[in-house]
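As structure tokens, here come the structures.
Both complexes below contain chain A, partnered by chain B and then by chain C.
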Partner chain A sequence: MAQRNPTLDRPVAIDTTAIRVREQGIERRARFRSISEPLGLLIALVVLLIVFSLLNDRFLTIGNAQNILTQASIPLIIAVGATLVILLGSIDLSVEGVMGAAGMTWILLTANSRGGEGLGAWAWVIALGVALLFGLANGLIFTGLKVPSFIVTLGMWYVGLGFATILYGRDLFPRLEDAALKGWTSQLTLGLPNAFWLALLVIGIGLAVVRYTRVGRVALAIGNSETIARAAGLPAFRVKVAVFAIAAVLSGLGGILATIQLDIGSPLVGSGLLFIVIPAVVIGGTSLGGGRGGILRTVLGVFLLTVLNNGLILSGVDTSWQSAVSGVILVAAIVFAAWSHRDRLGVAK
Partner chain B sequence: MSLSSQRGRIARASAFAAAASLALVGCTTTAGSGGEDAGPIAKEDIVLVASVINTANPYFTANIEGAEALAAELDLPLEIVDSENSSQTEISKIQAILAQGKKVVMFVNTVASSDTPTIVDAVTRAGGYVSIWWNKPDEFEPWDQSDNFVAFQKHPGIESGRCNAQAIGDALGGEGNVIMLPGVADSTTSQTRVVGFKAELEENYPGITILEEQPSNWDPVLANQNARDMIAKYGDEIDAVWSADDGMQLGALQAFEDAGLLEQVKFASDGLYPDTVELMKEGYGNNAIVGETFHRGYMASAIGLYTAYLAATGEIDPSELPNEKRTSFFDIKCVTPDNLDEYAQYDEPGAAAAFVKELIENGPWDTEPATLVGGGGPEVLD
Partner chain C sequence: MSTTVTEATPTTDAAPRPRRRIPGRHAWQAVGPIVIFVAMLVVVAILTPAFIGGGGLAIVATSSAPILLLALGQAMVLNVGSIDLSNAAIALLGAILLALTLGPVAGAAPLVILLATTLFGAVNGFLVATFQVPSFALTLGTLGIFQAAALVLSGRTTVYVSANSEVTSTLYQTGIANVPMTFWIAVVFAVVLWVMMRYTRVGRGLTAIGKNESAAIFSAVRTRSLKVLAFALSGFAAGLGSIAIIAQAGSASPSGLGSDLLLPAIAAALIGGTSISGGVVNPLAVIFGALTVALVPIASAAIGIPTQAQSLVYGVVIIAIVALTMSRNKSSIVK
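Moving on, here comes the complex of A and B:
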């Protein structure tokens, strides 16, 4: 038997300095990341603003700022709901269908050129109720029947469009005749468009839901790991249904606002919005895998896309080049903004 | 078996079923080949089919209205294809109808020019007859194909653009700035309207400057957004707005109304939608709408279907027809607030049925207000 090492026989003070330094490093990097990710996006946005304002001196005017805020309002409202759904690790593709269904319901129940007195506030309640039903259907089929949300909401997109098309019928476009509502979305209150105030309210409520309510916390837990969330006794079923319901009501609200903005009811009033909203959420850094991200980042994502579209038109980029240029700038902005967390995006598959 | 592997199996099984049914459609369609030699089709075997781009636009719903009026008058069954803005949906729905083995007489308002050869090929192989409206590739002419591709028909875009340019040019007194909202950038319908508009300004209104063109995909929502951006860019420099159709114009009007600029800007567009008629009548926005072109969706579908029907029943022989009756341009009318009332009759209840009666009496090329005015090849600037 070999002689024992005497130094091991007595308790030693283990030097943990290296471990602590490492831990502090990890913590510092995590803290840096949580600031640097949105910061990267913010810098990308500022760079765009500077470049566009150099290209056209009308870009950085109050008038155009109000225009951008009006255009961002509807995507912002819908993106709050979409962020919650994506935090769950699910997706809601029914946005445009629900917008059409709620928008058509609303205008046909409001004073419009097809006749009728209009139901006033009840039109809002019923239209948002229709949207809520779509959301509940999405949530219940997804959760109860365990059909992937991608499929359920894709189907519901077309159900919504179909519902709106049936309401539209074969008649003329129904035009809004309520004088108080005409142009309401872009009218200014305290210097900001009304629709944008509404968007701020929705964003505020959305933030409060995520931070301070059980629904928000459970949704994040489900996004991180549904198995653990369920094992911990969290009400996964109810929260998932609630999140889809919230998202659909916000899509419905977006549909009504889009109808007011356009002044006419059309089943296609939401066309193209899905491809602003979902990219905005992902660009903001909310992981498609769920559990990571947040509403404020989505707000940055929406602004990045809105400013890009507006700026390209104002800077006079040839129309046949616009779509390609927009794509290139977008990818560049994301690479720049997301460099620090490219290993954790969770979508680079 | 785990749930996921079960799901995998179901997915594979459904994929196989989908592939098999597609193959079946292919077979059935091929089985119907030889339609060219089959001779006239008995009237009782015919099914009328009208295919439209979507059903959420007054023009396309009017297409359906015209098809319904003709089906009622001829006492034939009618099927409607809603392409839902997608070439793929359009083609697969048409193939599904052909696969049922019926003898179809078809009107197709194609989603994209490039859909035409595929549709013509499928209809030909199934022994049906088709008229295509608005969009086809320039070089794909009916006389180079078969009798089953009876006709390509449209209203001339160049004429439409010229008519709008005159209205704007006159309203501005020959001086000012205009922005343009074309439709889908690669649509020949939109392109020809743009060409006509620009040519007329260049030739007769040199004092008018085109500030910018923003294609808006025939989409009122996009037109509204683009108009807002251009208002931000040019402000009150904009004196007039041209849109390639009335749907986009409705979106643009609202943007200018919101910006408080409506009263000082003039608008012109194509299609004279009934909504537009109302706005023109009430003098909306200091008579903002100064020019329109008149044509109706129900006339297009009735003319298209009836031409194909005559070929199917052997009353006309497409191969004997002059080229301008195979690739045909039908008249459009220039409308201003002054002559607006003349066109009210075509929007009264029962107008489609009345048009169809006259169409059957006078034939597809001689029915007012949409008489044959040219054709025989792609539209060119005169």
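Moving on, here comes the complex of A and C:
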């Protein structure tokens, strides 16, 4: 302890040129990547649009464009939350379960074929509250008990499904009776589907949160290096819980919208959405390790997958292939993203 | 470093001695799974007294066979510190392939299926090990691919075995002590894995990866090929699982028997004392893990939880077990 290092006794002039040159190089590459990656996605999207419109003349119509926007809305809303979670370096697999739980809560509290008075706006509040509880549970178990997020949220996925199944009981499917809400998601306002307006609002708020609020900035810092973030005195605990809560509320909102779209309540209302949301975030270029990426890139990712699915279905490809398409894209995207980080001594879990 | 302080504790001066073990944790790993199973059994026996007399245990063992097989495979992957979210989808795809091929090629079909599922697992492992990607994300992707393949091959309906169903069904209809061979095959597989993990270089290497992958690399453990092996074993186990499914049901469908095995299998592996962060596995204890999980539907029905909501129980069980058994310290980073 008390021993002194003789070399530290006098200041040594160190030539830092090499370090500075290296840092400048890293910065240049990062700036290049932040432009080139979204550009690559845009080009891919345009190529897809061209290919599908050549294959099928029903593809490039106003009707189908509105269709695609409606289809993209729910994944967009959920992907905003998923991006925040992945920016932390964590993952939220509970999306489909929370959707089921919130959607089922909502329809049972709204005017439906099983009878009972609808609670109107309160149904939304309570359903989103249920989703919030799931998110808080995710966040608190993950952060407080230090259980890896993939295992907490994997468990919570099935807890959500079970919760919805218990609410559902053994009765008939509850059908939406509220005439004002039937088909609300795909109805047009100013030429765009209502659900898409809602998605735009969520994206706008999400962008503002990441850019201007403490939660967003701290989340990015945690994703970059949690050790440094904590050492700097940032409120890592609260921010992590908050991010999981936000993600779950957005999943819940997605669940309600999906229920409106489906017209009936089902625990499996979110089925397959995880396979759009996670690949979309990853191909958007948000790193699974955290700290790098953003919501706008995810938006591009969602559109890429939605256009691909829509185009494939219009071209007569069986819908059964959908999860395979997303699966292949997810595998390709994570392999591509990990390519430059491979290392002989690298460790991957 | 400083000598005056540590003299109070003589352990540091002693000659090289066997590595100290944490007694509580070690004892729990040996008997914990059995204790949980017996406790669960007692609860079920009290709630439904007819259960023990009516051959309930044989029923539990029977229904645990596919869960046990998948759990053993999952335990191998968890042991190297990864997770295989696709193994249940591989088992289901295998079952559909088996139902389709059993008619045309009879006895060769199970072998072909085992080969195919082992290959699927090995591809997972190859991608994880070569490209150093997180296994939960990669196997989530391949889960989607296998699921779609199962949907397309089955045409979204139930595929019945057209002929030669006796090749597999004998495994279900014959048995020892009223328990079908499918369960005993799983037990034998567990014993083989146990021997491998305990006495072979390969087994020790696998555990070394789970304990500390960097250290394993520096100790010249062939980490990449061993990881591929762990995932291939998971695929092989899934193949055995698909044979068990067909032996029992005689048909396979994307939503039928075996479609919801992912969580029960992970739960069984974890109840069996497998560590989620790797480096701890006991295939023999996983047997009791699987038996416990097979008791869940019976127990939850006895308590009054509707059987469709079992997934809730599995979800809670998994979170609770990992929360209780995670080794953690204040400064560690958990993603």
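Following the convention adopted for this analysis, the second predicted complex is superposed on the first by the 285 of 349 C-alpha atoms of A that agree within 3 Å, B and C clash if a C-alpha of one lies under 4 Å from a C-alpha of the other, contacts with A are read in each partner's own complex, and residues count from 1 in each chain.
The definition used in the following text is that a contact is a pair of C-beta atoms (placed from the backbone, for glycine too) under 8 Å apart; a residue touches a chain by one contact, two chains touch by 3 or more.
No experiment lies behind these values; they were computed from the predicted model shown.
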Which partner chains sit in contact with A:Leu54 here, chain B, chain C, both or neither? Use first/second/both/neither. neither
Identify the partner contact of A:Thr165: answer first if only chain B is touched, second if only chain C is, both if each is, neither if none is. both
Regarding the shared-chain residue A:Ser90, is it in contact with chain B (first), chain C (second), both, or neither? second
Partner contacting more residues of chain A (chain B vs chain C): C
Kindly classify A:Ser271 by the partners it touches after superposition: chain B alone (first), chain C alone (second), both, or neither? first
Have a look at where A:Ala232 lands relative to chain B and chain C in the superposition and call it first, second, both or neither. neither
Given the touch rule stated above, what does A:Ser320 touch, chain B (first), chain C (second), both, or neither? both
Look at A:Val282 in the shared chain and tell me whether it touches chain B only, chain C only, both, or neither; answer first, second, both or neither. second
With both complexes superposed on chain A, which partner does A:Leu330 reach: first (chain B), second (chain C), both or neither? second
Would you tell me the residues on chain A in contact with chain B in one complex that are also in contact with chain C in the other? 161, 165, 170, 320
Interfacial residue positions of chain A with respect to chain B in the complex: 56, 58, 61, 63-64, 67, 70-71, 113, 161, 164-165, 168, 170-173, 175, 182-183, 185-187, 258, 261-264, 266-272, 309-310, 313-314, 316, 319-320
Can you list the chain C residues touching chain A in their complex? 1-2, 81-83, 85, 127-138, 140-145, 147-149, 151-152, 156, 213-214, 217, 263, 266, 276-278, 305-306, 308-319, 322-323, 326, 328, 331-335
Interface with chain A, chain B side, in the complex: residues 54-56, 58, 61, 64-65, 84, 185, 212-215, 219-222, 224-226, 228-235, 247, 250-251, 253-254, 257-259, 273-275, 278
What does chain A use to touch chain C in their complex? 1, 88-91, 93, 97, 141-142, 145-152, 154-163, 165-166, 169-170, 226-227, 274-275, 278-279, 282, 288, 290, 318, 320-331, 334-335, 337-339, 341-343, 345-349
